[in-house]
Each structure stands twice: as C-alpha cells, then as structure tokens.
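Data first, discussion second: the structure below is written as structure tokens.
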C-alpha cells in the first residue's frame, strides 16, 4: 500500500475536502493507497515543499507553479483543476466603500490599495487592468499586502482605499453592505484559473498508477461535490469551520467560482494567464505543454 | 598576554562559523541540497556585498533595524520596570503574576491581524508585535533576579536612608543586573526573529519582505541575503550587548 | 554574680557624666522564632529585655549562634520580632532608618560599586554634595587603612579589607546609633587595635550610641560601658555587667590596670562555667 | 483569601478590559471576550479538536524535554569554560536570530513537513533561554564552592553535575520557565505554515477563514494551558530550590 | 630578630621527634599579580619561599590584605602563581586534590545541602559507605557543637555556625594537609578554645600537616611549631619563628608558661614595630 503526500489549502478545493472527510465514499483511499494530508498557508510554501520533495502533489496557482518551474527547477504536471472564474460567476474583485470618491480604475491614482499577495497570481491581471487605464502599478499607487480574511475590515477601517475580495469573505461583506465593486479580474480575461492540482513529475513517472488513482478520485470527488450540495456544505463546513449559513449564501451557486465537472484543467486558459504574466514582466514566456502529462490528467474514470 | 587571550577567543568563535559555512558549501557541492533551495555560500556572500552597497537594500535594513530597536527598547523598559515592581510590591505581584501567566504563553502572531487593523501597516504594528514577544523573557528574568537580591544589600541601603522607591533603582536594579541582561539577550534574539516574521507576513519593506518576495519567485540567492543579514545583525547586536554587559557588571565576580 | 570593682566612685567617667543617662533604645520582652525549612519552629531569642542609654557603648558577648545578630537586626528594624517590641527614643521601631547604622557580619558591600562608591553611598543619600562626600569618604578610607584601594571592587579585596570598607560605609553617614556585628572579626591584631582606638575617638567626639557584638572579651571590656552576656538555646540575657573603667581609655595603660584584668578574667570564667553549647529547641 | 482570589480576579479583569476594548473598536477581526468564550465549548466539545490539541501538546512535551536535556549541559559547560563559551557563543548568535519560518524550504527538504520539523522548531525556541540562563547561572557560581569540590576529589565533570548544576539551579529554572512560555508559543507558530494536526492548525485555519471568535477562543485555551503548566512548574520549582528562597519577606513591600 | 627561648634542647617534642622532618610542601619564589578592573597590575605576593615539614603545624600571621589567603589558594592548587612554583612531596602542584583540604575564610558551604549533607559530601565522594559517612559526620557535627542542627540549611545558621560546618566538612574527608583560613575567626572564645583543642587532638592523632592562617598571635603560638610572619604591600615573608614549646600543650598550663608569654609579646611587638598598612603597588 503506497502513500501519497498531498498539500492542500483553503478555501476552494471541494473534491479534496470530500476525499479527506468522506474517504469511505471512495473505493481506493485507505485501501489501495493512502494519502498523507498536510495543510499549508497559501500555495507558495507548497511550491517550495514540492521543490524540496516534501510533497508529491499539491494545490497550486498557475503563477506559483510557474515560479517554481522557472526559479526552482521544479518539474510538475498539472493533473486537475479546482476552481476558475466562469463567465457570469464570481470573479475576484476590488471593492471600495459605497461613499468612496473612487469611481473608476483611473481614480486609484495616489491611493492605498490592498492585494492579497504582492506578486501573487491576481497581480498579473490586476497590473494589466491598471495599465490599460493609465495607472502605473509601480508608481501611481501604494500597494499593501492584505490577506483576504482581513480585507473587509481593512477597507471598513479605512486602512486601505480599495481592496480585493474573494469568497467566502466577499459574500459576507456583501451581506453586510456598505461596499461596492470597483472592478473585477474577469475584465482582464475570462476563465481565469485560480487553483489547480499539480504533482511532481518524477513522482508521477515513478508511480503512474498511484497518481492515476489519485486523479481518478479527484475527478469523482468533484462529481460528488457538485452532485450533492447538501453534503458538500457539510464537508466544507467541517474543513473550513465556516458556518453553514454563510456557505449557503454562495457555495456552488451562481455567485461562486466555476468548477469543471470532471476537474479537467483548462490548459488554454492557463496558457493565457502565463502570457499575461510574461507581458507584465512577472515571468519569462512559458509553454503550458510542459505541464501536460499524456495520460494522467483529469477527468479520469 | 591579554590580547593573545582575546585573539584565541576570537579564533575559537570564528571556527564553528567557518565550519558551518564549509558544511553549507559541502552540502551544495555534493548535491545533498539542490542549488535552487540552498545556493552556494560564495554566491550568497557575493550578492550580499553587492546588495549592501545599493540604496534600496540599505533602506530595507534601516526599516528592519528601526523596528527591531524600537520594539526591543520598549520591551526592555516595560519588562524591567514591571518585573521590578512585581518583585517589590505584593500588590503589584498579585496583579502582574496572573496576567503574565495568561499573556506570556499566547502566540502573539495570532494577534497580528488585529494589530494591523489597529495600528496600520507601517512601523506601529510591527514594533508592537516585537515588544509583545520580547517583553516576557525580560520581565521574567527581571522578576526572578529582583526577588533574589541579597537581603542585606537592601538592608544596608535602607539603613543609609534610601527611601523605599529609590531602593528599586539604587539596589534592586543594579543587583539584579546580571539576570536582567540575560533576559535582554534572549529578548534581543526574539526581537530579531519576530521583526523578520512580521515583515514576512505583511509588509512593504524590510528584510523579511525582501525574503518573501525572493522566495515567491524562487530566487534562492536573494532569499538568503536577508537571512544572512539578519543573522549578522544578531551577531553584531549581541556583541554590543556583551560589551554593555561587561561594562555594567565589571564589579560582579562573574564578569 | 555581679562584678563590682571596688572604690570606683571617685573615678571620673567624662562621657556618662556630661549628659543625663536617658534610654535611647529599649528592648522589651523580645522573642524571635524562626521557621526552618524542616517546618519546625526554632526559638532563637527568648524574652530579651534591655535598655541602652544614649551615648552608651554596649557590647554583646555570647556563644556562637546565641542570637546576637538577630537581636541587632531587630534593633535595626530589619526584622520584626515574633513577640515583644524594640523602641528607639520611645517610638516603636518599625523599619530601618539612617539613625541606626548597621555593620553586618557578612559585610554586604554593593558589588557594583568600588570601595569609594560604597563608602560615598550613605553621605550622597543623605544629600551631602558630591565633592564633600568624596572628601569625607576618602578620609574614612584612609582611616581604615585602605588608601590606594579606592577604585577596587569588593571582589578584589581580602576578607579583612571588605570588613573595613563595610565599617567605613556605615561611619560615613554618621548614624546616631551604631549596630556593629563583629566589625573587627577578620582583622589582624594590629589593625584591630588601631580601629578600636579610632572608633573610640569617633564615639567620644560624636556622642554616638554603640551596640557592639564581639567575641573578644578583651575588646568588649576595653571598649564598653556595659557588657551584655548572652547564653544560648534559646538566646537569653545572662548578665549585664557595667564596666567602670576611666575614660578616655588607652590600651597600654589599661592592660596594666588590675581592674581591667579582673573584668576580663571574671567574664571569661563566667563563660567557662556555662554548660556546653546546647541543641536547638 | 484575597491572595487566592487574585489570579481569578486578574483574569476577570483582563477579560473585562478586552470586552470593553472590543466594544469600543467594533471590528470584525477583534471579537468581544464573550463571543470568544462562547466559541470555546465548540472547540473543546469536538473530538477532532481535542485530538489536535493533544497532538500539539505531545510535540511540545518532546521538544521541551529534549531542549532542556541538551541545552542545560551545554549552557553549564559554556559557563564554566571560557573556551567552550568562545566557541559556541558566536555560533548560537548567528543561528538563533534567523526565523525558522524562513528556513522552512530547507528544513522541509531534509525533515519533511511532519512532526520532526515542528518539534525542531519547538526545540530551538526552548533551548534559547535554557542555554543562556544556564550559561549565566554557571558563570555566577561562587568559585570557592567549586574549589571545595575540587579539593574533595571531584573531577571536572562531577563538579559540573554536582556543584555547578545545583548551585545554578534557580537560574536554570528561570530559563526553563521562559522556555515553557516559548514552548507554548512555538507549539502554535510551528503550525503556521504547514500543518497536519494540532492546536495551531485550528487557530490558523480560523485565522485564514476570518473566524475570529474561534481564533480568540483558541487563544484563551492556550492561555489556560499556560496557567496550568505554569502552576505545575512553580510547584516543581519551589520543591527543587527551597534552599534558595529568601529568608525574610522582602522588606521592600509597600503594603 | 630571632626568638630563641633558652635551654630548650632538653625538652621533648614528641611529634617532631617521632618522624624525620621532611618537607611536604615547598613554596619557591612565588609571586602573584592580580589584574584589577581598573586595568592595573596589583602585586599581592612577592617572592615567597617557604618549606613546610611533614606533620608540622605552621601558622601564618600578617596584616589584613597581605596575601595570606592567596598563598593558601596557591598551595591548594586553586590559583596558579604568576611566577614561582609550589610543590607537594616534590611534585609541582597543578591543581586541587583531596590530599589538601581547605577551610575557606568565606566558608563556601553548599547552600542546597543541609549541615549533614555538607559534612557528608566529602566522605561520600571518597567512596565511604553512606551509613559510615553519616556516622562519622554526625560525630564531627557534634564535635563542632552543632548537634541538633543537622537538618538546617546554611542560610538558617549564624556566622559562627557556618564556619564550624565548613571546618567539619573539611575534616570529614581526612585530607593529609589542612589549609585553614581563619577557621575560628567568627567564634566566641569558649567555642574557639574547645575547637583548638579538638584540632590539636586530631592533628596529634593523625599526623596531619596544617597550614593555618590566623589573626590571633595567641592562637598561633599555642598551636604551632612554626609561625610565619608576613608584611604587606606587597606580601612578603618577614620572619619565620620556631615555637619551641612542649607538646602536648594544655592551654591553662601554657598560659602560665613565661616562654609562651614571651613568644606572644615578642611577636606582637614585632608587628607594632612594622610600619602602617601601606598602599597598593
């Protein structure tokens, strides 16, 4: 019985939460193979853990993974995808207070703007939008790092003039009212992929069957998550410890991120993001093909 | 003779550091650690020298040092005065003791988000965090040091007409000085760690921030430069503290 | 047994005659119980009553461990007696004060101060200006034979030197009452004699009251107006002996004085008669 | 009676201050004390949380014990031998100021992300005060006591164990007390970046999710653990160093 | 000046006659320089040479601060002299050993052990069985007059009691050479006399060599075969005086012996003739 070391994070990996909390629902977990779960604070440390060989598979953002490849000699395959921004669904957005004088992106000049992670995945599209509206992201605004969890508070307390919002915090803030959306990332490009699942290439090559089983379970986990919302709310509540009424307001609804029913990675969209990062000078140009494994990629049955 | 003694001491002290660097180099050369995670020391020190000359890096250092010093200094003042007050007055003791028992073991980083909102993203929140973490080791050492001051020293001073509150400054403080300085040394190291950690969590400048930016883009060499800098900073500050110590304790048998 | 040298009435004792003998320190039925670590009570002093006149030089003699130091601590106000009370000028003693200057058996010098710093501490505390305090202190340091050691730290001194610094430190702030716990115990005979004379000079000049613990019968008789003899386990006062010898006293004259010798011999014999050192209660 | 009630009163006072402060600040990320207390039963009632907390405590116990066992002899040796001190002092001063969180990638490389890494972090946190307090304690041991021992035929090692150790014990225990505080803190913070189970897991999860009542409930729980451990420690301490307790009440008391 | 009592040749000195006088300790041109905090060199001992015969009782007398303790530390092997060397039985002294037992001026008791624990420490260390060590220790504690205080911690003892524990602690492990630094300094005359006799008994029984620092000329003459007189600043040997008095000595007999008195008076006069206490070099 082999073990696979998996890194995860919160808040939007429903299929993995199902695997963690309802292993009995999966035919293989705990029987033909084992999973050793380790939770991380964000995707960047997981990239380091992958590079150091401390993890076999982990949740990744396109940017962190690409950074690992460019700077950390990491070789990895994208085997599945967790959430993306579906048109009409939720898109990470920048909010301002209702009574704020900031009406357009151009008004951000000279303001203090919060972003969850400086140099993180959202910054590429963000920079692109600023530039398109004549704001130099390096000179015209003061960028501070504000984690999603405190962004609402930071905005209400006036510590920042605008700040980015993500689920479930966005839902909570909207329920309270008093803030409004200034712009969202979907304005830069559609189908932004936020988090995906990546496995170390050497591990996949050595244990193809093991990873195959794992990806198969991710696929079926995603199916279960989408099929049984009631249970998914419970599972997510157990993991996030967020109250069900809050989850109820957005999870798997129209105002949530998009999820591919088979957890299949959207490689063209990822390629487009890599291009944006290259254009904004955050990364050299990369080809998404190197992340593609011939057979081991969701959906797997 | 004295100088020879001194130089053997310095040699002894440098030896293990050289060994560590050699081990580091060995780990890299023999491929035990990939260069992307652990760059060779030569590269790191080269980059350090190069960086030290740049204005931006100097500013990062300055930001860190300001927070470090401010936080540490406040911690020393608070820790020493509260510690001595608690040792001297039963009323203060009854008040301080339980509060310290509760507050000391709290993981202060968990309060950091609240501090950020309260004090903003600038120096204030970081200095407060440093103070909160460095305070208790200093306070505890001071308290124990002050409560074991030899009775007859206090008696002698009282008999010479020293008012009670002055006894605190004229006898208890100097007599507890060895213990206080031990606490300060621990507090200093903790300050170094915490200021760096705070800058890593949320910041726009400082050595910790420099590290995080480098780490996110996997620039291993740039990641190690701030690490080496903070470690050198710790070494220098400790040497300064050592000098202060041997000056203040010159009368004590152990100095 | 009371030692009363004959035909003393015609001798003039300048100090005690010049001023009316009025009590400065009264110790009333003082007892002291210590709790030992073994959680037993240990009676160190039992029912001590003693009156000391203003300007008197009173010595306490007694076997080791009889409670002499403890009695001094009580008069100094450092320790509250378990029962009974000590009074100074009619007022109950509640704490230490600059009117009573102790010289501790263990010296208790401030290790972070030099010899000069230690001696200057008292005068500075009393508000004497630095220059003046320093001049006075240097004079005292010279008096106790430590000229040249002003900048030494206590750890760099020999036992006897520390003791002399402790003496100088207390003398420096001119307490009204001196509480001295074997202040010459670690000194060689020569230095001891010199300091005894110096102490007597100071005492005669400043009209100090001195409570002086010593183990030397010689010394007690030579210096005192009154010798208090204690017995041990628990410490009690056995006898108080008035020493009716003329003042000012000169050592070499006194040594030849048969009355002096009689005092010494009598007191020594009294101790010899006492039983062996007992065990704790 | 008043003395017994003092700790409880202080705790209540602390909670009251908190309650008022949070009401004044009115911030989502700073819940009121009552909200936090209300969240405690949820945590303690949850089997999984209890397992988490126990896992943390186990790591802490291991890290703390190893740290004391290793650091105390090292500190004592440093205190008694100039050469050892000269050798280790700079080395420690270079190693300690580096935040362990920043070294995570390297540590993960060799030790993975599991128990060993976290125990190592706790170990480093505890060993800092224990080393330095033992060091200073050993330095201050009265020379003549060692001479007496040597004259009785004790070998240098025996002197270290049978004279320096007991003589420096009060100071060492001060270090252990600070170490205990740091053990609790690092027990939590070691679970900040990578977590599988543990009290820090609960806390940082809640922090990431913005569930501040749980965060602060966890802080209260850690504080309570601090009080308990501290009380136990004080008992042990009182027993071990009964001989060094001051003989008389400190006359400084203003009461 | 050499003090040679007349017509002593016919007196029998049992101890020194029974064994050939052979040197056990040789001190050769020893000097000791201390570095003070003020970064000045302070010469504490200058060019000391002294030979001590096996089984001899040698006292050192000298003004406070002349370097007596320092000399003892050097013989004990605790301090390396700045120049010169000390030898024991022909071997250079490189460190402390259980053959030389010190009694320090500051007592240096182990504060974490009770009286009994302190006294038992040495024998236990020498491998004596616990029962036996305890029995021996209790006997010694009784000898120094501390029966009943076995379970007291040092902080609960008076100065003189601590000193007696320190004495018992060293006697307990039977060192060949005793290095005693004013071991009776804090004791009352009565206890002191008793312990002097006890020490003499032990010495006569066990043929120990004793190096004994004291401030009492009396005591030195009463106990010793040889008195070493030192002068200070820097410490030098001024004179070595052989005390040719019969043994075993009984205090009350000796006090009436004119030769004894002459020794005491001569030595005291010699000190009086010396200049005042000097200043540090």
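Per-chain residue numbering starts at 1, and chain names A, B, C, D and E are given in the order in which the chains are listed.
Everything that follows uses one rule, which is that a contact is a pair of C-beta atoms (placed from the backbone, for glycine too) under 8 Å apart; a residue touches a chain by one contact, two chains touch by 3 or more.
These figures come from a predicted structure and were not determined experimentally.
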{"item": "Lowest number of touching-chain links that must be crossed from chain A to chain E", "value": "2"}
{"item": "Pair joined by the larger number of C-beta contacts - A-B, A-D", "value": "A-D"}
{"item": "Rigid-body rotation angle, chain E and chain C, from Cα fit (steps of 5°)", "value": "180"}
{"item": "Centroid-based (C-alpha) most distant chain relative to chain C", "value": "A"}
{"item": "Furthest chain, CA centroid comparison against chain E", "value": "A"}
{"item": "Geometric centre distance via CA averages, chain E-chain C, whole Å", "value": "28"}
{"item": "Cα-centroid distance, chain A relative to chain D, in whole angstrom", "value": "37"}
{"item": "Rounded Å distance between chain A and chain C, as computed from the means of their C-alpha atoms", "value": "84"}
{"item": "Centre-of-Cα separation between chain D and chain B, whole angstrom", "value": "16"}
{"item": "Shared interface positions of chain A, touching two or more other chains", "value": "48, 51-52, 147, 149-150, 153, 157"}
{"item": "Residues of chain E touching at least two other chains", "value": "37, 106, 153, 156"}
{"item": "Junction residues of chain D, two or more chains touched", "value": "27, 29, 105-106, 109, 142-143, 192, 204, 207, 243-244, 247-248, 251"}
{"item": "Sites on chain C touched by chain E in the complex", "value": "34, 36-38, 42, 61-65, 67-69, 105-106, 145-149, 151-153, 156-161, 163-164, 182, 185-192, 215-217, 268, 271-272, 274, 276-280"}
{"item": "Sites on chain D touched by chain B in the complex", "value": "2-3, 6-11, 14, 25, 27, 29-30, 82-83, 86-91, 93-103, 105-106, 109-110, 128-129, 132-133, 135-136, 139-140, 142-143, 170-171, 174, 177-178, 180-182, 184-185, 188-189, 192, 200, 203-204, 207, 212, 215, 218-219, 222-223, 225-227, 229-230, 244, 246-248, 250-255"}
{"item": "Residue ranges of chain A in contact with chain B within the complex", "value": "44, 47-48, 51-52, 64, 67-68, 70-73, 117-120, 142-147, 149-150, 153-154, 157, 159"}
{"item": "Residue ranges of chain D touching chain A (in the complex, touch as defined)", "value": "27-29, 104-106, 108-109, 112-114, 192-196, 201-202, 204-211, 214"}
{"item": "Residues on chain B engaged by chain C in the complex (per definition of touch)", "value": "150-153, 155-162, 170-171, 174-175, 177, 248-253"}
